[in-house]
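Letters A, B and C mark the chains in the order given here, with residues in each chain numbered from 1 onward.
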Amino acid sequence: MIGRVVRRLGSLLRGLPRRSLAASFGLLILVGFAAVMAARPIAWPHGPAQVDTAHILKAPSLRHPLGTDANGRDVAARVMDGTRYAFAVPLAAVLLGIVLGAPVGLIAGLVGGFADLLLRRLIMAVGFIPPLLLALALVAAMGPSLRHVVIAIGLLEAMFFARAMRAEVRAMHESGFIQGAVAMGNALPRLALLHLLPNTLARIAGEIPRRVAWALGTLAVMGFVGVGTAADSTEWGEMVREGVALMYAGPWWPAIFPGLALLLLGFGLQLLAAGISDLTGRRPAALGGAMGGVPH
Amino acid sequence: MLLDVQDLRVERQSRAAVGMAPMPLALNGVSFRVVKGRILGMVGEHGAGKSLTASAILGLLQPEARVVGGRALFEGQDLLRMSDADLTRLRGARIGFVVQSGHTTLDPNTRVGAQLIRAQSVHRPIVMAEAVWRAETIMSSMGIVEPRLRARAWPHELTPSAVQRLVLALALINEPQLLIADEPTAGLDITTQVQILDLLYLELRRRRIGGIIITRDLGVVAQYCDDIAVMYAGQVVEQGPVPQVFARSAHPFTRALLASMPERLAIANGRTYGGPLPDAPDGCPYRPRCDEATERCGVAPPLVGAGVHAARCHFARIGAA
Amino acid sequence: MDQPGRTILRLLGLAVFLSLVIVAISFLLIKLGNTPPLVLLGGPNPTPEVQAQLVGDYGLNQPAVIQFLRYAVRMLGGEFGRSWLTGEAVAGELFVRLPATVELMLYAVLLGALIGVPTGVAAAFNRGSAEDRVVRGGGLLGEAMPAFLLALLLLLVFFRWLELAPAPAGRISVVLTPPPTITGSYFIDSVLMQDSIATRSALAQLILPVTTLALLIGATLTLSVRGAILTQLQTAHFAYARAQGMSRELLTVIALRGAAPTIWAGANRQFAALLGTTAVVEFVFAWGGVGQYGLDAMVKADLPAVQGFILMTGAFALLVHALAGVVRRIARLRFTRA
């Protein structure tokens, strides 16, 4: 069974460049980042916390391709190390969002009526608050910690997934699929759990790259503004914040390179998302905010 | 020669799945001619390529399709090699186009009269009074009553009959030399179909211009067209004058098509369907129309057969296997 | 009750409900915090008298629902509490900074539309071409671009390296005094006062922030416009318009007219996110608008200010949404008969 899955995945990947250039490039970028993150401890000569007071604020050179920061630390190593945050936090948040939001959306869609209306109006109302700002405010209120960051972003992702699930389930409902299955003797809860949930999740899965991109962007803003993680971490937004003052004075590399890493990873995610929507023929969810787009 | 299409080839690109054979050409060597003053009927089954041919000639192919060979000579120029700018000048002016289902194709956001005026102003500088007069005149000749009142209507307020008359008017208002009508009566009820077709025919004859009527209805071809081009799987498999092709079709597909429409065939061949009975029949009354009539039929035929199934014919074979 | 009356009532009810939800969020923000309400409101060490007064004012010993209701009434009445940092009324602080934000957003939207719409239209009409691919790639890049990065990049190039743009120090050079407030916009007010030095400075300060925001808006708008126009290009009546020989300009107008509702709806949905982006841009350029105030408050955990800020942005987005809906209805009545 594993072998079959692996083989299927293999053939899918091999046909990908022909079917969607965008998706292939996006995937390439993501894999590249993952590889860099994994390989750094063994393949890169410098460490992210390695202070070297003899080489403070050195411009990019052969020895330090991305330069050094105010403490003489290698920027490249720090950026590579920061990939951990860039992968872990958005993925955790999106996962949390799915776990919290999908069941709610599923139930609302199935039950219909007032519960469904309430959910929709609730999400609509919250949607008027700029999602980025709401996430930041939540972390500000809860207190700065990585856990709170994940929870805050996760809550907002949950709203998206709840709404998306609800829409899918509603569509299935209208198509008579659900009534048909029930009429044939399937109990609703079992039906929901075993069939509806996996099916609709698969359909929504195409939205995940965009959601991850949003989470990543939000995390970065938190770091940049100074709301989220602890100081002196290698989270990219945080690194940019520390580098800004330096940038005005001259050394631009401690601030810009982490930002460029952000851009590249985000771009890869967008490419992947565009590729997926090309392949599946489904149009992407309404662009904009937590409900579909990337915060800036 | 108004329009001379030679070996037109059109390819439709589709996202071929991995490992599939390349798709055959959508149009695989289409050739036909339209003579000034004559009407060509283009028939074929669904998907044979009739509408695609018209789109290709007019330069209106969807992005997935493109011309890969052939020529389409109109007034000495090859339409397939003209720039879009030049083609734009021809379309709606020297070549008129009558669409099917006008109610989905007319601009829903512009009043009817304004559309007629716009159709003129797009091609030449106009004087408003003259343009309005032209619009009202052509609406009248299309049988639209109270043209001035109608001109202020929105497309969705018109009956299907009025819509198609308007479409016809839009196609003719700039006095084209060639009119292409793509299933001009699709979706209309029978009475309206006849009205529109009669109108189309009249205008084509009156103006002495050439026309192409694309249709799936052989009866339309029989009644309104001078020439016929039969399309099958992206090719013109037979072309010729209607009487000739109908009487002695050369291609098996044409024969098969014709076999399904004996009454219309008879009309085309000049034989009346119904009509006044002969006043003093000598012999069998069906004799004038009958394919198998012989000398014997000058004598009144007996009633052959008994019981449930009978026929009055010398050659009737009842109960034959 | 007649039809329009019922619709208005329904909309009002919706507005009230939505406002309550937004207020509830703000309320939750406080409840989520670790700080006990007394400290929240009265400072680190409130005296017994102050405590008693606070308990009375805010109903702190009453059930949460009552607290919420009192809170809601207070907030909806415009009383946002006092900032912990400055002690000033939050509502007042926000109100004073509003023109700065509005001005920035207005110019950015205009410029962004100027960039985005023609690009999107051109890309749609030339679908599949090399230019189209570049446009799509650029759009995706714009979507992935963090606002603060773009702002910093522009500052790096134009301020630090080329020395063309001024320092990111707000809406006017620090050495000048702002013009007296007529509209609230430093630029317009300087023009009105015929103060050419101030005008030039205000204009200079505007360029980078507006450009940053406009580029981001333009990118998203381009993709949205391209999609909407493509849909139009594939309709039957567009094909017919081409068959009638309409010129490229006329066809563009027809396509735009058909695509306008979709584009408008898309822009409407984007507005809330735009407020977030604007806040970040304000933050980088120290613009002195509502967004910067809110973000600063968040960094310093000045929760009353944060609450008020969140409520204000929600209300603002709600208002704009309602107005956009009105515009849509009017346009539909006037321009189409669909």
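The working rule: contacts are C-beta pairs under 8 Å (C-beta built on N, C-alpha and C of every residue); 3 or more make two chains touch, one makes a residue touch a chain.
Here the structure is a predicted model, which is why all the values come from computation and not from measurement.
Asks: Counting hops between chains that touch, how far apart are subunit B and subunit C?
Replies: Minimum number of steps from subunit B to subunit C: 1.
Asks: What is the chain whose Cα centre is as far as it gets from that of subunit C?
Replies: B
Asks: Which whole number of Å gives the spacing of the CA centres of subunit A and subunit B?
Replies: Whole-Å distance between the two chain centres: 57.
Asks: What's the distance between the Cα centroids of subunit A and subunit C, rounded to whole Å?
Replies: The answer is 23 Å.
Asks: Multi-chain contacts only, two chains or more: what residues does subunit B have there?
Replies: Correct list: empty.
Asks: Counting only residues that touch at least 2 other chains, which ones in subunit A make the list?
Replies: Not one residue in subunit A touches at least two other chains.
Asks: Could you please specify the touching residues of subunit C with respect to subunit A in the complex?
Replies: On the subunit C side, the touching residues are 14, 17-18, 21-22, 25, 29-30, 32-34, 136, 140-141, 143-150, 152-153, 155-156, 159-160, 167, 216, 220, 223-224, 227, 266, 269-277, 279-280, 283, 294-295, 297-299, 301, 303, 306, 309-310, 313-315, 317-318, 321.
Asks: Can you check the complex and tell me which residues of subunit A touch subunit C?
Replies: Those residues of subunit A that touch subunit C are 121-122, 124-134, 136-143, 213, 217, 220-221, 224-227, 237, 240, 244, 247-248, 250, 252, 255-256, 259-260, 262-263, 266-267, 269-271, 274, 283, 286-291, 293-296.
Asks: Of all residues in subunit B, which touch subunit C in the complex?
Replies: These residues of subunit B touch subunit C: 58, 60, 62-63, 88-93, 97, 99, 101, 104-109, 118-119, 122-123, 154, 156, 170.
Asks: Applying the document's contact rule, which stretches of subunit C touch subunit B when the two form their complex?
Replies: 127-128, 234, 236-237, 239-248, 250, 254, 257-258, 335-338
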